[in-house]
Each structure stands twice: as C-alpha cells, then as structure tokens.
Amino acid sequence: SGGSGDAGSSSGNANANSDGKITMGFAQVGAESGWRTANTKSIQESAEKAGIELKFSDAQQKQENQIKAIRSYIQQKVDVIAFSPVVETGWDAVLLEAKRANIPVILTDRAVDSDDTSLYKTFLGSDFVEEGKKAGEWLKANAAGAKNVVELQGTTGAAPAIDRKKGFEDAIAGTDLKIVATQTGDFTRSGGKQVMEAFLKSVPQIDVVYAHNDDMGLGAIEAIKAAGKVPGKDIKIITVDAVKDGMTALAAGEINFIVECNPLLGDQLMELAKKVVAGEEVPPRVVTEETTFTSEQAKTELPNRKY
Amino acid sequence: MKNRLLWPVLALVALLILNVVVTPSFFSIRLQDGHLYGSLIDILRNGAPTLLIALGMTLVIATRGIDLSVGAVAAIAGAVTCTHIAAGGNPWVAMGLALALCALLGLWNGFLVSVLGIQPIIATLVLMTAGRGIAMLITEGQIVTVDSPTYRQVGAGFLVLPIAILISLAVLGLVALVTRRTALGLLIESVGVNPAASRLAGVRARTIIWTVYVFAALCAAVAGLMISSNVSAADANNAGLWIEMDAILAVVIGGTSLAGGRYSLTGTLLGALIIQTLTTTVYTIGIAPEITLVFKAVVVIAVCLMQAPVRIRVRQGVPA
Amino acid sequence: MKQSVVVEPESVAVPSRARGGLVRVPKRFLPVIATFVVFVATFGVGSVRYEGFASGQVMANLFIDNAFLIVLAVGMTFVILTGGIDLSVGSVVALSTMIAASALQAGWPAWLVVVTVLAAGSGLGLAMGWVIHRFGVQPFIVTLAGMFLARGLCFVISVESVSIKDPAFRELATGSIELPGGVTITYGVVIALVAVLAAVYVLHLTRFGRTVYAVGGSESSARLMGLATTRVKIGVYVISGFCSALGGLLFSLYMLSGYSLHAVGMELDAIAAVVVGGSLLSGGVGFVIGSVVGVLVLGTIQTLISFEGTLSSWWTKIVIGALLLAFIALQRIIVRKT
Amino acid sequence: MTEPVVDMRGISVEFPGVKALQEVDFRLFPGEVHALMGENGAGKSTLIKALTGVHPLAAGEVRYAGEPVSFHGPAQAQAAGISTVYQEVNLCGNLTVAENILLGREPRKLGRIDGKAMRARAAELLARIGLHIDPGSVLESHPIAVQQLVAIARAVAVDARVLVLDEPTSSLDADEVAELFRIIRVLRDEGVAVLFVTHFLEQVYEISDRMTVLRNGRLVGEHMTAALSRIDLVSAMLGREMGVLEEIERRSGTPGEALLVAEGLGRKGSVAPFDLEIRAGEVVGLAGLLGSGRTEVARLLFGADKADSGRLLVNGKPLRLTGPRAAIEVGIAFSSEDRKAEGIVADLSVRDNLILAMQAARGWARPVPRKLADELVAKYIELLDIRPADPDRAVGNLSGGNQQKVLLARWLVTQPKLLILDEPTRGIDVGAKAQIQKVVADLAAEGMAVLFISAELEEVVRVSDRVVVMRDRQKVAELDGGAGVDDVMALIAGGGTDGVGAVAETAVVS
C-alpha cells in the first residue's frame, strides 16, 4: 500500500512505466465555462497525440477535491502531475507529499503562493493581471473622449476577477477614465445582462463596458440593445478570453476589443511533461502565447477559432 | 393569512422606496421600441423564472417535500432546446422536446419519493447532481448559442410587458384556479399536514405527490427556457445555479411552512418579487460585490423578523 | 415524511407474559446498519475493481480528506434531530478559515486564533438559534441569512485568499500519526473522531441529548412534558455553529489557507451525509454514527470517481448522482426487507 | 379541609375569536379527588392548561400553596409539584417507553444517564399501574391505550402535590381503570390533590369527592359529589334537563344480506385467523380487553394493515384489499381510534376535514361543490352538535370531543355500506355520546352495517345486535342480541366457558 508520506523511495525521478509510456495525472478545476471545457479538451487531445496516458479528474470547482485527486494520483504513482490551482494558497501540504514521492508537478494557469519553489517544476499559463493591463492600455489609447467605465466583474473572490480588475485599474490610473460602477456578473451571460440592465438605468452616462470575460460582455450587449443603444458605438465594450462567440461579436463590431486568454495549452503542457519526466531542465515560468484582437483582426482570425 | 401577507408587502415597498431614494428615476417607465422599458419591468422579467420555479416548489413543499433538482432541470431544458435549435431544429419542436423530457424527470423524482419512499431532499439531490451532468453531456460542456427570433421571445420578448412574466403570471393564475376550483389544493394540504390520516381517508397520496413533482419539473423547464432564451444561449453549468435556494426562500418568505400543509401562492409571488427586487437593488444602488451578501443577509433577516409568527401572535394578544 | 403508517410492535408483550428474551436488532438501528452494509459492500466492489483500492491508507485517506465534513455532519445531526436545519455551515467554515488565516497573518498567537474562531462560530449559532426560537421564524430562512452573512463577512475580511504560515498550524497540518500497518492519519482525523465520541456521549448519555430526540419527536409534547425545550432548540444551533467553526479549523489545517470561496455548497454535503446516514429530516430519528457513515459513503463515491480516473466532467457528475442513488436505493431495500 | 393547594380566581382565557374561559373560580384541596365536569368544549382542558402555564391568562389569578404564581410553561408548573397528564397523548412516539416515563428525570450515574437503572425504574413504574410491556420498546409501536397508561405512569412517577389527569381513561378498560383508581386513592390518602376529568359518570361517582362543573367557559357550580345526583349533574352540565338514556330501539326487521364475510383472515403477530360475517343493517360490537386485538381486526378489514392469511368477501365477491382505497371503493369506512395521529388533519378547517373522505373518493378533478359542502357541514354540525359551530375553524383548535364528532361526520357523509368505528365515543360527553349511539342505530335501521368497537362494554352491548368477543388476539365468541354485559364479561375475562368452546357453543343466531 502506498503511504502518502513515505512512498516513492524506490523509484527515481524518471519512473516511467515499464512500457515506457508516461502517465500524467491532471486535476482540472471543473467545467464551469466554455473556456475551461476548451482547456480540458485541448489537454486530452494533446495527451493522446503525444502518447501520454492521461488520468483526468474534475474537481467540481472545489479545491479540496483537487487536493484529493492529487493525493490519489500520488498513490497511483503517476509519473507527473499537472493542475490549474483554483486559488493560489493552500497547496503546500499536498505538494510536499508529491515531492516526497518524487513526482514532479507542473502548474497551469497560475502559480501557487508558497515560499518553497521546489514544490513544483514549472508553471505554464496566462498572466491575468497582464490581461487586465492590456485591456486598460488599449482603452487609454482609444478612449476618444470616453470617460465613464462600468466594470462587469467575475465571481467575487475568484483569482481571474481579482487580477483582471487590478491590471485594468493600474493601467487606467491617472487618466480621465473612471470606473463609475462595478458589480459581479459571475462570469455568466445572464449575470452580465442583468447587471448591465441595472447599470443602464442607474448610471447616467456609460461610455465603456469592461467585462472580465466574453460571456458577460455578450450579456451586456443584449442589455444595451434592449435599451435602444448600439453596442460598440454608443458604448464601447472590452472583454477578455476571445472565445468563438466573443470573436464573432467582435468581428461584427459589437465588441471593440478582446484580450486573449488562451485555453489551448495542451501541446505545450505535454512537451513540458516529457522534459520534466526525462529529468531535463525547464524554465520555471512558461507564458502561453496570447495576443489581443481588434475588430479587423477578429475577422481574419474567426474562421480558425476552434472553441 | 391576509395579515401574514401584509409584512412581505411592506418589505417589498420598503425596498422599492430605498431604490427611489437612491435612484430617483427608478419608477420611470417609458415605451421603447413598442415595449415597456424600466427598472420595474426588469424586475418582473428577471424575476419570472424564480417565480415560476417557486410556484412549483410551493406545491411540493405543501406536501412536505422539497425539490432541489429544479436548477438542474432548468439547465437541461435550456440545453435540449438550444442544441436542437442549433442543429437546425424547429424551436417549437425543441421546446416541446425539452418539456417532455423534463416531465419525465419530474416523474422520476416523484417515483423516488412516493414509491421508493426516499426522503425528498436526498431523492432530488440525485437529480440535482446528475442533472447538471446530463445538461453538460447534451451541450458537451460548451455554451450553445442560438439565433432564433421565435425562441428569443420566451425570455426576452415583449407583448407590451415581458412575455416571461406573462407566462409566469399565467401559470400562477392557472395554479390558483386549478387548486381552488378543483380539490387538488385541499388534497395536497391534507397530505402535507397529516399523511397517515389522509391515507386512511382514502386520499391517493402517491398520485398527488407524483403530480406535484411533475408540475415542479415542468415549471423548472419553462423557467429554464426563459433563462436560456433571455441570452439566446444554453449554459449547462451556470443556468439556474442555486435557483432552487432562491425559490425555496421565496416560498418561505411568502409564509408557507417547510413542514408542509397550508400554502400561499400570493405569498410566493411576493417572495419571488422581494428576492428579485433585492438583487436589482444591489446592482442599482451600487453595493460593492464584497458586501452584497451581508446586505442580503440583513434584508432577509429583517423581512422574516417583520413577519415572525410571534409578532403576529403578540398583536393578537396571544404570546407564544 | 414518515412513510409507514403502521409501526409493528417491536416486542409483543401480553399481560401474562414477561418480557421476551430474544435479542433482536431494534428497528431504529436498521437504516444505520443498512448504510454501513452498503458502505462495506461498495468498498468491496471498489477493491475488486481497482488495484490498490483495498489498502488501509485508502481507508485512512477517507477520514483524512473528510475530517472536516465529519465534524460538520456531527453538528448537523443535532440540528436535524430536532427537526431543524442549518444552511450556514459551509459559509461558517469559510469564515473560520478566513478569520484564522488573517488573524494568524496579523500575528495573533495560535491558541487565541483557535479560541476566537470557535467563539465566533458558536456565537453565530447562538444568534441564529435565538432568532429561531424567540421569533418562531423557520430555521431554513434564518440559517440561510446566516449563510449569506458569514460568506459576506469573508469578503469583507478579504476578497483574496490568505495563506497560513504559522508554524504551529503547519506543524499540526503536516504532522501525521503512524498507525500499525504503516497507515498514517493526520491530527485532524483524531480531532474529528473525538468530536464524534463527544457527540455520541452528549446525545445518548445526557439529558440534553435525550431532550434533543424528544423535541424532534414532538416539540409540543416535549414542552408539555416540562422539558427544557428552549435550551435544546437554541443549544443545537450553538453546537452546530461550534462544529462548523471546528470543521473550519480542520479545513484551514487541510488547506493551510483562508479563502472566502472555500466550502461553497458544503452545507448540502453535510445534510446529505446526515440523511444518507438514516436520519429523518422531520426530526427525532437518527444517530451520529449514521452521519459518520454517511460522510464515508460520500467520500467513497469521490474515491471511486478518482480511481476510475478518466471520467469527463459531465460523466463525473452523472456518476456521482448515480452512485448516490444506488446507495440510498440499496439502503431502502435493506431496511424494507428486514 | 384546610387551605386549598390550588386556588384559581376569576380566570379568563381567550383565543382569537373564542372566549374559552370567563371568570372561572376553581379550588383544589390537598387529599381530595376533584372531578372537573362539562360538555365537550366547556373549557376543562383550557382550565388545566391555564393552571400549568400553557395558556396565558387574559384575567384572573392563580394561587398555588397559598402563593400567587404565574407559571411560564409546563416545566415551571412541574417543578413546583404539579404533575399533569394532558388530554390526548402528549409523549414522544420516537422514544422508548422508559424514556417517555423518565424524560427529564433520568437516573444518572457520574453525570451520565444510566440506561439500565432507567429501564428497571420504568419497569417498576409500569408494574405499579399493571402494565407489563418492554420498557425498551418504542412508544409508537403501542396502541393508544397503552400510550395513555404510559403517560399516567409518567405522571405518577414523581412526588407531586397536585396530580392532574385530563381524560386519562378515555380508552381504558374496566381493569385498567380499576388499577388507576387504586393508585389515585393511595395518592389521595398521602395528601395529594387529584384533579380528574372524564366523561364517564360512573367513574366520577366512584372516585371523586368533589366536583366543579363548567358550561360554555363559565363556572356553573362546585359540589360535593355525594350531594349531587346524576340527573342534577347532567342538567348542570347541559344547562337543560336530559331525558333518561332511552333504551336504543331494537330493530325488528331481520338484517339483510351478508355484506362482508371474512374467512380465516389473520395476520401473523397481530391477530389469529378469524371468521366474521357482517350483514347489512346490523351493528356488530367488538368487545375485548385492552390489547385483545380489536383494533387489529378493524384495520385488517379496512386494509390499513395487510392480512397474510384468509380472504375477504364483499357482497359475495372476493376482494383483494391492497389498501384503504380498495376498501373505500367497496363502501367500507374506518374511523381510527388514534384521532390525533390518524384522524384529524389539524391545520385544515372543519369543513375541509368533514368532506375529506368524500373528496378523496371523488378524486381531485371533481371537487365537492361548495354549496353541497356547506349543506353537509351545516347538517352535521347540527346533528352532532359540533361546537363551536364554525366551519372555518381549524380542527386542531377544537376540543377533543368535538374533533371526534368531525371524524365521525367525515365518514357519515360518504354514506358507506359498512362503517367501522374504533372507539368513536372516546372523549365524548354524555349528551353527545347518546346522540352518536342513536345515529349509529338509525344508520343501521337504514341498512348500513356497523362494526362498533368501544372500551366501554355497556355501550357495546347497548348498541350492538351481535357482540364478537376477542381475547388474546383471537376471536373467542359471538353473542347475539340478547346477551348482557355479564355474559360478555365472562367471555372476555376467559372465565366460564373455555375460549375455543365458546365459539361453538354460541353459534351465531340472528
């Protein structure tokens, strides 16, 4: 029986199975959004392409479930563990177990908050603060007299919400731009729509909507249309993610600018996993390739969008 | 019963007044593209799904039951309809399919509760969990966006007033009529108050229980259609998330006891309106997301203290 | 919710005949026993199906991973036994982790943090119990408000997660106890088991505990019998609040962090565990041990899912639902057959 | 007599819309048995609850042992030495018998409840009132009569200065009553003041020293029992003269066809297989001691419990009883002895309760028209003298006896072919009891078959054309109309003829 604390002394770092196939345990957060599902799909497909056996578990948005899954991967003696931390805190204990069991860990999405950086090999993913910044920078450059921004936040307390807010606020600090109302739309279309409806009635002048993801932006578009205004013209809209529906709206000019947050990091992850299992050195931070889209760029990019 | 409803009404009025004080234009309603436009209209439209689900929940609760699966059922209804439409299907057929499937799910809940005798909270918890999975299975985890003007009408359309609220009010009227004009109301209450006595009196408790669960599922299905049609997309994961809690809260604020028995449809209507007004208030008066919940907690407590049975008894001169 | 109208006499005593000597399992233990049997059976199925399932450590992990839930379920059992319900437990867990983490960050000594958290949880429970009793408001609505309040206070303290760096907490969290057979458990498990024992003692061997059952059986009768119903009705919410806070402490040990979105929906897990363990929501019927087995059942479902390994997100949900159904259906069948 | 231990003056109690008590004075002395008399709804239970702090007083003063008191609840009253058995069984069905007796005063060892000592103590207390059941059994599993005895055991378990018994004997047999009276006398002699409520006049005259009569919430008078004749008592209660209980008119015509025939019907662990025939137009009485299996027979015939042997013929056709509905469909009705748990639907109005069975039979889609419902309610409120005569009042707020009348009416409106009445007169006052007996007789005269169960043997013999005697869960005999109370008594007790032989000897003659 594999004890959680003392196992792994027998095998070295490159403890690939006898058939040479690498086994990866991936503890996914959940399937709370289309973005996440695309992320999952990408990882599953890439694993198959790379010949890596994938053990996958869905934590239903609960950190404790992720921890349980990681613990069970440790017991099942997988070769490498990867996961996207829901929160940056609270991973020390289980990562320590993995380290003791000599199983390398790769983080995706974001880093964990720990003094001990030896707990994981590398992390691969987007920088949410950077995304917020990009949105703010674009607005600064293209404000054209706009002043009043309303913000549709993601789920209160969720990391992307906090960081995208922070990055955006940093970027527009010191300008004429002002966030006049901010409220959570829980990352959903109905949330975005409901909040926007209320804003349209309670905020006298709205020039810009900044939504923490495409879905809330799409909801806001509906509300703006219902109010008899033209989204993208009367009110500028900036969102983050660049999922297909968002890109379609961007191409149609209803959204003005989207900051990409790329879920398709499967290939990069598998490559890293192979290196890590082989014991090669990897950089401690790998940033996914992410860009931004304007309406014109969206028109050309749209046909290639898979998710 | 009349006295009991006084307090929810006052709570609703108080909330509305708070809104007007902060946003003077709150009550203003104008005609926009041939339909009414204003905050009050938003409250009605956005509150329609909660009201509808709460209506089904009221009858379930009256039989001493509870239905946690309504949110998942709503998600399934949206998922079925949108995937069918997205695949080129007729919106009416799609909606019919969704309603039929959800009626089946209601039958399933009723079966677990009335035939297997499983406690309602657990019986419906099964579908609450699995149902979301089914909805996601149908949409493959993606948000399915559709572009069907017909379908849009259900949740976002207007016949001067939002169609969604018209549907919900129609169902309310229908339920009121059916439970009052037929003996359904009496039988539901008697099963809820004393199942043993009802059985000996020859009441078909099983049929009654089955009926209310199917009805609750149908209400949830229509609500699910409204939710997804409102944004022209099916979000299997988030549609109707925690709406069961809102619905139960609406029922309870309306004065119906979770212990079963006597229920009040008017109370449920008021409860649903209070909840939606509360949500809109939070957006309108600009309460920071961090303290939204504290604000809601205070309002909920205030409402229930206002209508506390003890208060009423004191008023009538009979202390606890 | 009480389904059977006719309850068979447990022992047929006729005036002339003395009490029967045959020891039979009393009916009220059946649901617990049935749950246990189903639990063991599932574990057996898991062992046959998955390699490495039937190990002591997997069993121990069941306790390690669910220690906090066990404590919550214990508190919830008290409330449900009186016919009430406490929806605030999940949020109180989050609030406890938040208080603990931020207080530790502010440099409070560990013992003071523990005391503060427990006091806060019990205090909130007391407040809710008082409102429920004094104003006759339904527990559902009061504890729902408590749920909003506790979660809201988390956000007020901090929106971001706070990690716990206190050495004493880390020590407790990472330390483990070796049992015979190389199986290790955490201190959290020990605390949870102590809580269970304490609850069993209180429920079955004190007047307070028996009054809990009486109130659940018939509150008006209990009152007419001259029992201290007020104390009990408020007391169970204090106990539940205390247990939530204790569970919150265990959770903060488990996570070593405080976060306002911790334990979302955990109240449902706790209620489900209690009900799966054979308690009736209408009150008066149930056992703490049943609730513990209920937690283990839910834990086993999780373990099975993770051993299965490659379920997609939606199949995960469907399978959880199906397993839950299988459990309770089997339990019903066992209870009915005997 | 010295100082009264309880002295209540000018007591008024009001409920929304009802003045339940108006300026009632009441005194209770140490060492006396005091009967509180009055019709159903006169306010007896309310007076008791006013004394023990369940209901707050609208006016008046309570002095206990010379001191003015105002109890805030039963707990305080109990602590002060007033031990009470309330009307209806107010115990916790989910707990064991022992716990119910000793809740709140469990024997403890080192601070924890000593289960063994508790069961032993409970067994002792049960034995004291002549009840031999397993103290570890769950209370719910016992019939209402046993529960009533357990409640009494609980009340007499403490050293109280005042013992209050609100209709403790409503479902007890002569034996149990005798046992109870023995205990009451012992307590009385020890100086305990006993307040006793019952509708059985014989019992009042047997046990009480003094009595207080209430009518419509007002005090009528306080009398020495010996100084008040029965006729005077009854007219004091009713406020009018009441004719001597007329002999129920025997029907001259022969009963009709056999309506229901049970052949070897039985259920393991509850009743041994029995044969029974009930004809249209006859009243069959079911007599036996507590626990002899009468209720079980009734439940089997109605399908409330499933029989596991034998068969049932209705109108000559075999009938598979799958549950109450199947029975109701062929015209069988059953009114349970446990009116609180299986009878009334407390939160619903009198009207709704009254039409419930009729409505259930019609199905939900065909509601009983409001006009018809109102007519029926008006008719039965009048016929059975249900008080208050308010169809919209919640049944749970009616006095016990009036609830029973509503239940009876519930079945009468369905016009069943066979009416099974299990203790229909439990807790019903003298006037109404005669009324109900007469209704039963009239119904039979109109062709309805009635199975009549009552703990009161005289009543069974009086209303029945034929009496079936049960003993130890077996049918032991059937006696025809001419039989008297003594004949039945002999069979019940198992004396005289041997049980099995009795059946053969007293072959049914009709």
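As written, the chain order gives the labels A, B, C and D, with residue 1 at the start of each chain.
Just so it is clear, a contact is a pair of C-beta atoms (placed from the backbone, for glycine too) under 8 Å apart; a residue touches a chain by one contact, two chains touch by 3 or more.
Note that the coordinates shown come from a computational prediction; the quantities given were computed from them, not determined experimentally.
In this structure, the chain pairs B-D and C-D differ in their number of contacting C-beta pairs, and the larger number is found at C-D. As a whole-number value, the distance joining the C-alpha centres of subunit A and subunit D reads 71 Å. In this assembly, the C-alpha centroid of subunit C lies 42 Å from the C-alpha centroid of subunit D.
With each centre defined as the average position of its C-alpha atoms, the distance from subunit A to subunit C rounds to 34 Å. Looking at subunit A, residues 30-31, 37, 40, 156 sit in touch with two or more other chains.
In subunit D, 304, 342 are the positions where the chain touches two or more neighbouring chains simultaneously.
Residues of subunit B found to touch two or more other chains are 136, 141, 196, 199-200, 289-290, 292. Pairwise, the chains that make contact are A-B, A-C, B-C, B-D, C-D. Interface residues of subunit B facing subunit A in the complex, by the touch rule stated above, are 22-23, 25-26, 32-33, 37-39, 42, 46, 136, 140-143, 145, 156, 227, 230-233, 235, 237-239, 279-280, 282-286, 288-290, 292. Residue ranges of subunit A in contact with subunit B, taken from their complex: 30-34, 36-37, 40, 153, 156, 181-184, 186-191, 193-195, 197-199, 201-202, 215, 218-219, 222, 226-228, 245, 307. Against subunit C, the residues of subunit A that register as touching in their complex are 1-6, 28, 30-31, 37, 40, 54-58, 60-65, 67-69, 71-72, 75-76, 87-90, 92-93, 96, 113-115, 155-158, 162.
Only residues 5-20, 26-28, 201, 204-207, 210-211, 213-214, 216-218, 220-228, 284-285 of subunit C touch subunit D when the two sit together in their complex. Remark: subunit C residues 1-3, 5, 83, 131, 134-138, 140-142, 144-149, 151-153, 155-156, 159, 268, 271-272, 275-276, 280-282, 312-322, 324-325, 328-329, 332 touch subunit B in the complex.
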